[in-house]
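Pasting the structures here.
Two complexes, one shared chain (chain A), two partners (chain B, chain C).
Let's look at the complex of A and B:
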């Protein structure tokens, strides 16, 4: 599979990565080498092998339902670019 | 043309855990902004999610109640999108292997029962809240809600009217509160409904193009939004247009839905398994333990009320709408030995009074034992049905027993035939016209005379006895 100029632009946009027009070809070429490797892996016969979602074949450990986190708002707000009235402030985002 | 409505619902059930799904921060509602947002919700580098056992337990219980398959192995995935109330840049959710798959919910619409299939239910984290009030042209972010555990319950497109959709939502709402896995508080967003609505010509097999109406937080809005949307879509098609698949918002002030402006790539979430979380494994032992810990389910209790107390499907459905109401009814039914009568009073007088006072059954001033005492006096003919309603009113306002009120007010029914006879004699003497009419063959006149006897006895005469004696005297 080979990514087009448009595919790369779209992926970059979805990932919020600013890729300029002259960079797109180079990034596309790098992505295509990754896809080539995936294509090789796809060719391997995995019949009868249970699909894995994680390299380790173990189960998730769970925690008890208890409140353990204290309120550390002041500490978090102190290093936020902007905060007011207990809220983090960000550029306006109405869709 | 006749149109058929097709509806599927997605319900976000907020699970009633005390801590978040992936951290030990509190989930209590109404706290000062950002005081319950830990480094995990803030997406600090290096932090890792650790799954809350109670969220898994609650999901299993709903799955068992719906007769679903509990996936012994289920997997968390990342749903990627950028929005400031989701600092990680992805929501942890489940995609290919949700915890609950399949199952169904039986709803009651009028006299009809209908089975609505459930596609799946998956665990995920809630996002924070964006406040768009003016902070110098900026948006305020509160991450207290971020990381609150949600179970998203997705139905098949099995509903064919707004009424069915509301019945499904109500039934699911009473089930999750019954199981104690959700507090059910819709104002606080604990139970949020998205409706997928489409229309098609009757008899057509393929579905029409659907629209998704987001975030309906009351049953009334759900019904109104569907009604509006169905009308909008049918008019659009009849005018030669076509429905565009999109997300719409319901505006309760205008009573209409409107399109949410969305970017063309808004739905490209690029899901992939979350490498921070191993697969969740659920053992047979845990499923059995959850099953044993669960209360009798409303559907089972409904069936039992019908067979054990002879209730109609409608009454049994109403009385099993909440666990507290069902327990109250059953206590009255057992203490009085009168299932049907208890159902009539609980679904009738009690429900009406609670509704008028805006109270829930848990706050009912008349406890089940006292109500059973009243029904016992009705059954043994100490008082008539009419007097029972008066006694009920007095009991509602006081802590007295039915017996105490009946004695104190002298409301005992007159069953002494001698006493009734003398009242009947007076009534016959004073109502010559009605007597005349009855003798002339007008049966209705007899009712008027019984009414007079009841009036003269201040409602205390036994009406059946009064009728008997009247008939005997008039035809003698």
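Let's look at the complex of A and C:
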């Protein structure tokens, strides 16, 4: 398998990581080495094998739909990069 | 005093031979002197630690002390601890002062343990050398040109260099066992679900498990008693009645069936490690163990399966770092998407970005079945290998890593080489089994080598029994690096 320049740019975009145009080929070369190793899986016959998502294969627990957490809004807002009046501030999205 | 085990320190405190404040001061002095050389700690806060120690002394004065009240420990910088910087080795969280405590931290505080500081690690626990830390690599106290292993390298160095008697750590693909092996200390990764992941910064949620490092198996058992147990706040925490992990320590090993997986002693294992592991097996035979030849045929496939599953889960977990609610935010940006992209480009290091991109790709439209689903099927095959093997043995023994610690920088530009060195540890995480590393000897160049003990599900007490009896018969765990 070989990821192209465009593939790597697309993956970076999906991952929301800025990769400059002159870094893309170096990053792509390392990703290709990793995917060549991963490709070994494809030769293995896994027909009929149940995928394993979790070591204990158990169903997730349900709990009563009641409030269990205390209100710590101020403590959590205090560490935000930009907050005002109980809101997280981000660059304008809607013109 | 400084070479004392956790257990011995607790006895000294109980006998009032030393106060918790004096003991913490002793370790803090050592940290201050050694940390510039070893870089084991990211954060040390002397006054805060001494305050905790004084509080522990007050608890003891009131006659309310428990077994570990006032004993100092170090915490891996992955466990959120209120009021302490919790960086996870990343620039992304360099400004993150945690507003809450992880379950593991809560449990340690309830037991009266005193925090000595926060230990260095590979960024977001991704790595096997601690070279991926934003704060620079930690160094192996046995040879400062060698890596200490990773990702819990700082915790391993702290225990090995006697900067702390014990430390918390985490293991997603070997991050407790491999640094424990490389630093000549004892490390334990419990069965998946035994220790709550609440407040433990997430890397790969179906693999991550908190655990402990100390000088001895007995100390690991005491620490595990402290941090194990059901927690409602972790959806994968296992509901089991509590157990005393020290209860089997002294049991005889007569008739114990130890499985040696053929695949662990094949090509790729260095002569040094083979010699040390074989000698350790011989020692256990003297103690009454019977050796059983077993096979784990899908061992090699654990590498590609792991390096699909772990990055996939990481790419999902790390999407939370967007510069909005906490952590780093880029200083300049054009719009919202540009802010995300620059924040993440600046905040993450190279290895973390690489894994996020691998994970993003394997989960992207049209590739899910070929990669993620395929890897989960292989995960089942790897796990079934262990099930079959445990039909004929009680514990599995083998190497932790193919070689002793390699030189700093040796694999820095070769991520794949680093991944391949995880061959003996990854499958245990894929299966969710408990595993340990116990000091068992040294390479010709003087770097430590550990013996891996793999137990069946929830069989930590037996694993600790094997480790403890081995340590009663050997003195590898008492060797201390000259600083």
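By definition in this document, the second predicted complex is superposed on the first by the 91 of 95 C-alpha atoms of A that agree within 3 Å, B and C clash if a C-alpha of one lies under 4 Å from a C-alpha of the other, contacts with A are read in each partner's own complex, and residues count from 1 in each chain.
What we mean here is this: contacts are C-beta pairs under 8 Å (C-beta built on N, C-alpha and C of every residue); 3 or more make two chains touch, one makes a residue touch a chain.
Quick caveat, the model's predicted, so the values are computed rather than measured.
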| item | value |
| --- | --- |
| Touched partner set for A:49, first chain B, second chain C, both or neither | second |
| Touched partner set for A:73, first chain B, second chain C, both or neither | first |
| Partner chain in contact with A:60 - chain B first, chain C second, else both or neither | both |
| Partner chain(s) touched by A:17 [first = chain B, second = chain C, both, neither] | second |
| First (chain B), second (chain C), both or neither touched by A:87 | first |
| Shared chain A contacts, counted only where both chain B and chain C touch the same residue | 14, 16, 53-54, 56, 60-61, 63, 72, 76, 82, 88, 90-93 |
| Chain A residues within the chain B interface of the complex | 10, 13-14, 16, 53-54, 56, 58-69, 71-73, 76-77, 82, 84-95 |
| List of chain C residues in touch with chain A within their complex | 95-97, 99-100, 191-193, 206, 232, 235-236, 238-239, 300-301, 303-305, 307-308, 315, 319, 322-329, 333-342, 344-345, 348, 353-354, 356-358, 360-361, 364, 370-371, 373-381, 383, 415-416, 419-420, 430-433 |
| Chain C partner contacts - residues on chain A that touch it in the complex | 3, 8, 11-12, 14-19, 27, 30-31, 33-35, 37-42, 44, 46, 49-56, 60-61, 63, 72, 75-76, 78-82, 88, 90-93 |
| Complex contacts: residues of chain B adjacent to chain A | 17-19, 23-26, 32-39, 42, 50-56, 75, 80, 82-84, 97, 130-132, 135-143, 260-263, 265, 268, 270, 273, 275, 277-281 |
